[in-house]
Amino acid sequence: MTARGRLGGFAFVAPFLLCYSFLLIYPLVSGIILSFQHVDLFGGGRFVGLANYARLFADATFLRSILTTFLLALMIVPLLTILSLALALALNRATRGAAIFRGVFFSSSVLSVTIVTLIWRFVLAPDAGLLGETAQAIGAEPIPFLSHPTWSLWALAITTIWWSIGLPMMLFLAGLQQIPGDVYEAAALDRAGRWTTLRRVTLPALKRTVVLVVMLQTAAQLQIFGQAQLLTGGGPGGSTRTMVLFIFETAFARWELGYATAAAEILFLLIVMLTLTQYVTTMRGSEAEGGR
Amino acid sequence: MAAEATGRARRSPLTWVAILLAAFVMLAPLVWTLLLSLKENEALIGNSGAALSPPYTIENYRSILQGNQVFRWLLNSLVVSGGTTIGVLVLCSLAGYGFARLEFPFRRTLFIFVLLGLAIPEQAVILPQHQLFAALHLHNSYPGLILPGLAGPFGVFFMTQYFRAIPRELDEAAMLDGASRLTLFRKVLLPLTLPAQATLGVFTFLGTWNSYWWPLISATRSDMYTLTVGLASAQMNYAQTSGLGFLMAQAVFASIPIFIVYILFQKQIVRAMAGTAVK
Amino acid sequence: MRRLVLSLALLLAANCGDDAVRGDRAEIYLQRFFGECGAEYGGATDISRVEGECGIITTMINRFNADNPDVHVDSNVVAWPGYPQLSAQMAARDPPDLVTMHTGVIPDYAAEGLLEPIEPYLAEAGLQPSALTEASRSAVTIGTRLYGLPFDTHGGLFHINTRLFAQAGLMRDGEPILPTSPEEMLVQARQFTQRTGKPYIIQSLVGDNAYAARNLYTYLLAQGAVIFPTPRTVRLQTPEAERIVDFFRAVTASGTSTRNQDTPAAIGSFVSGEGGIYPTGTWMIGQFEAEANTPGRPLYRSYTVYPYPRLWGAPVSYVSGHAWVVPRRERTPAQRRAIARFFRFIADHNFDWARTGHLPAFQAVVDSPAFRALPHRANIAPIAATGRPLPGGVQRQNAIEGLIGEEVAAAFNGQKSSRQALADAERRVNELLAQTE
């Protein structure tokens, strides 16, 4: 290959690489450096080594936010996966009706977080919300969704599930449509019932998609910010303060930039470790089965 | 089709009930919001249940149309999302082609370098990005809102996979006809990637449209607010008590463009996802 | 492709204009809280006809723009309190020209060198610092310089639904009977709820940390407790504090209080006549008074307001204030003159702002018969004398209020024990203050 040919190749990838290195990698590195400094939002810092990290591990508020974040992910991901899978299974046909329903379930995903939280605030608020009004109408006690520590977590979970169900459902649908028809014909010939077909044929075929959905959603839900800030404000009593909300508050309300960046690096590490663990355990599992 | 071959042409009533219930849960909040937006502000003070019964009015929408910042926010969101989408499509198509088809030193290393970026979450870079853009005086500007979106590696990964899937015979045929690399790219391969472009484009547009944290700390002047930030700023105590109908009307109004995009491109999303997902 | 790039470039260029001067107008950028109500008051300029913080400030700015065609104030409304946004702007070296700021927060920004002292603007506007009330002036003074133009002094108040109080037998000679001790309050609360079937007190315990903090501060100050022994330490694990938290916890648990309400819900409740007392601040007087003057509304002719009752110690109110600050940045002389002119306008219209319910910052307005004639001002005038702010040397007061409020609200709600909440609050605040320099 000629020298010009080689350089020509560079010309195609250079524009992106420039943006990538300057706008993503450079901030990543500078963030790591910041995390080793005692520096506030307005400049001027000094090197303090691992002091920020040490302080984080002793910070009850931060540790609680880690717990809250994981708890939320645990509340959301399994439910979301199961519900979206169920919807995909139910709506996997070529009829007009199914197409309309699919559209309905995907429609919430296009809304922004501010609209979603605004809508759900007025569904969940015990006083002015739809659920509150309905409860009062039938003489029941409205659930204190936004004022009780555990219920507010559920408020966030429900809002997030409602908002995010579209994408996993689409992924499952795509996965279902990849399953060749003869597999089902073989099962039908063997007189396999509906549930058996589901368990022995459909689900194993979807394994890759399930893993993909779980990994994507876990990484996404560990980063919850908008809903926590707008719907519950991290409350009540800090019970819905996620890690990203902690980072935001530490940086912009408490001005502790170095400390906040250190927290962000810890979150980064957690996400990477969790995603890798999920990937390794599931891939090793599928290798044991002989791979697909 | 695999769908019909599942042999479940008839659904049990239980499944129907479940689907309808789920659809109801899905739509009820949206309908509730619409109803709230159609009531007079005064009627809703301390009593949002009033939304469930007439009278209704389009007063709030009229107020919006009489010149309101929602339009400015809408314009900003359009420019930023559109700009980012175009930028991403251009950069990632070029880079995807480069990685998939061309030979140059360190190609494999650079590709892995880019792939590693997929693991980097927003929080790990957003604070230093804020500092960087401050030093460059790029806050409260369109470039300030568009540039961070161009650095994401997902688009490159996506387009590279797509280019790789195109058979090399096409390349060879075109080269035999004397086409240069650039012409090959522009006239032959690029058109073939249109479905991928549509998917990547729609996802980038939606993702940028709905981004919240970065515009929140970068576009701090109200004339640069995007829709997400603008609506958040409008949600204050006063608005929630004395201006609830108007607030909800703003929310509905802000959702219209994105629903239009969604309806127009729904087919693209579904078709492309079926073709390119689960690789 | 080329056309696309060109049009994008043009669009970007059009957006980075020189916004100091457009045409021959000086442009200044103003940022405030107080709510967004452009839909109702978008173009209004007649200040005397509007009510409420949001209405009045919107109209004032409109009026200023109308009266001063050679200056344009571009105003930006932020969600209360707007400090994360302001901090982001300052970190980006692009802050507004004028910002509303709580006086307790001024020391933080001033200490970082982020605010301009305002004496030059006062001089240009022909305003004397001595014209300010004692409370206002000391609230914006750091060392020997002034760092903001005081806008008002405000504090907590008991807003009362007199019709319900009458129904509960708690009115005497047309004025509400307020408790003089914690035990008395619980008794009256029970009486109220028994006779009216509605909550005695409407508490905004959700998403309103300022409410819980205000209750704690008020009664700590009343008992003469020293909250900040040094500018970098807080003391909350005291019998005085525990007394207060236990009391409000008992009130919340007694069935005579609302629960699970955030501020919009609480306001909605009070305005709909669903409770006896709503403890909030001076800023709601304007809006509630408007309700009380509208026939057919639940509060019609049923509203009055009093300072927080003395429950322990001395009758004291916890007060704070709003001020207009000028962030440091490059400015043209025309912009500086415009800011001075705005200051003059604010000073001249201090009475209008006082119609919201806040206490004026200028002594002359406080003394004026017009102010005294405003409804209920006689009731709340004592605050001018009994009001106490937090010590000026303490930094991060906004963040501290948030922390303390969060913990104490959890205790009020029964989610934490009083001891635990106060211990956690003390620990978190001390940790925060240890980081300041």
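Note that the chains are named A, B and C in the order they appear, and that numbering of residues resets to 1 at the start of each chain.
Following the convention adopted for this analysis, a contact is a pair of C-beta atoms (placed from the backbone, for glycine too) under 8 Å apart; a residue touches a chain by one contact, two chains touch by 3 or more.
Here the structure is a predicted model, which is why all the values come from computation and not from measurement.
Tell me the shape of the graph of touching chains, choosing from line, ring, star, complete and other.
complete
Looking only at C-beta pairs that count as contacts, which pair of chains has more of them, A-C or B-C?
B-C
Where the centres are mean C-alpha positions, what is the separation of chain A from chain B, in Å?
The separation of the two C-alpha centroids amounts to 16 Å.
When the centre of a chain is set as the mean of its C-alpha atoms, what distance in Å lies between chain A and chain C?
Taking the average C-alpha coordinate of chain A and of chain C, the gap between them is 37 Å.
Provide the C-alpha centroid distance between chain B and chain C, rounded to the nearest whole angstrom.
38
For chain C, what residues touch not just one other chain but two or more?
Where chain C meets two or more other chains at a single residue, that happens at 84, 88, 91, 264, 268-269.
Using the touch rule from the top of the page, what residues of chain A touch 2 or more other chains?
128, 248, 252, in rising order.
Would you give the residues of chain B that are in contact with at least 2 other chains, written as numbers and ranges?
Within chain B, residues 46, 131, 217, 232, 235, 240 contact more than one other chain.
Using the touch definition from the top, list the residues of chain C that touch chain B in their complex.
Going by the criterion above, the answer is residues 4, 8, 11-12, 15-16, 29, 33-40, 42, 52-54, 74, 76-80, 84-85, 88-89, 91-94, 96, 263-264, 267-269, 271-272, 274, 287.
Quick check on the complex: what are the chain B residues that touch chain C?
Of all residues in chain B, those touching chain C are 45-47, 60, 63-64, 66-69, 79, 83, 86, 130-131, 133-134, 137, 139-143, 216-218, 220-223, 232-243, 246.
What residues of chain A sit close enough to touch chain B in their complex?
The contact residues of chain A facing chain B are 1, 5-13, 15-17, 19-20, 22-28, 30-31, 34, 83, 86-87, 90-94, 101-115, 118-120, 122-123, 128-130, 133, 136-137, 162, 165, 170-171, 173-181, 184-185, 188, 194, 197, 202, 208-209, 212, 219, 223, 225-226, 230, 243-244, 247-248, 251-252, 257, 260-261, 264-265, 267-268, 271-272, 275.
What residues of chain B sit close enough to touch chain A in their complex?
1-8, 11, 15, 18-19, 22-23, 25-30, 32-33, 36, 46, 48-49, 52, 90-92, 94-95, 97-99, 102-105, 107, 110, 114, 117, 119-129, 131-132, 147-148, 150-153, 156, 181, 185, 206, 209-210, 212-213, 217, 227-229, 231-232, 235, 240, 244, 247-248, 251, 254-255, 258-259, 261-262, 266, 269-270, 273-274, 277-278
Flag every residue of chain A that touches chain C in the complex, lowest number first.
Interface residues on chain A, with respect to chain C: 40-42, 59-61, 125-128, 142, 144, 146-149, 232-233, 235-238, 248-249, 252-256, 259.
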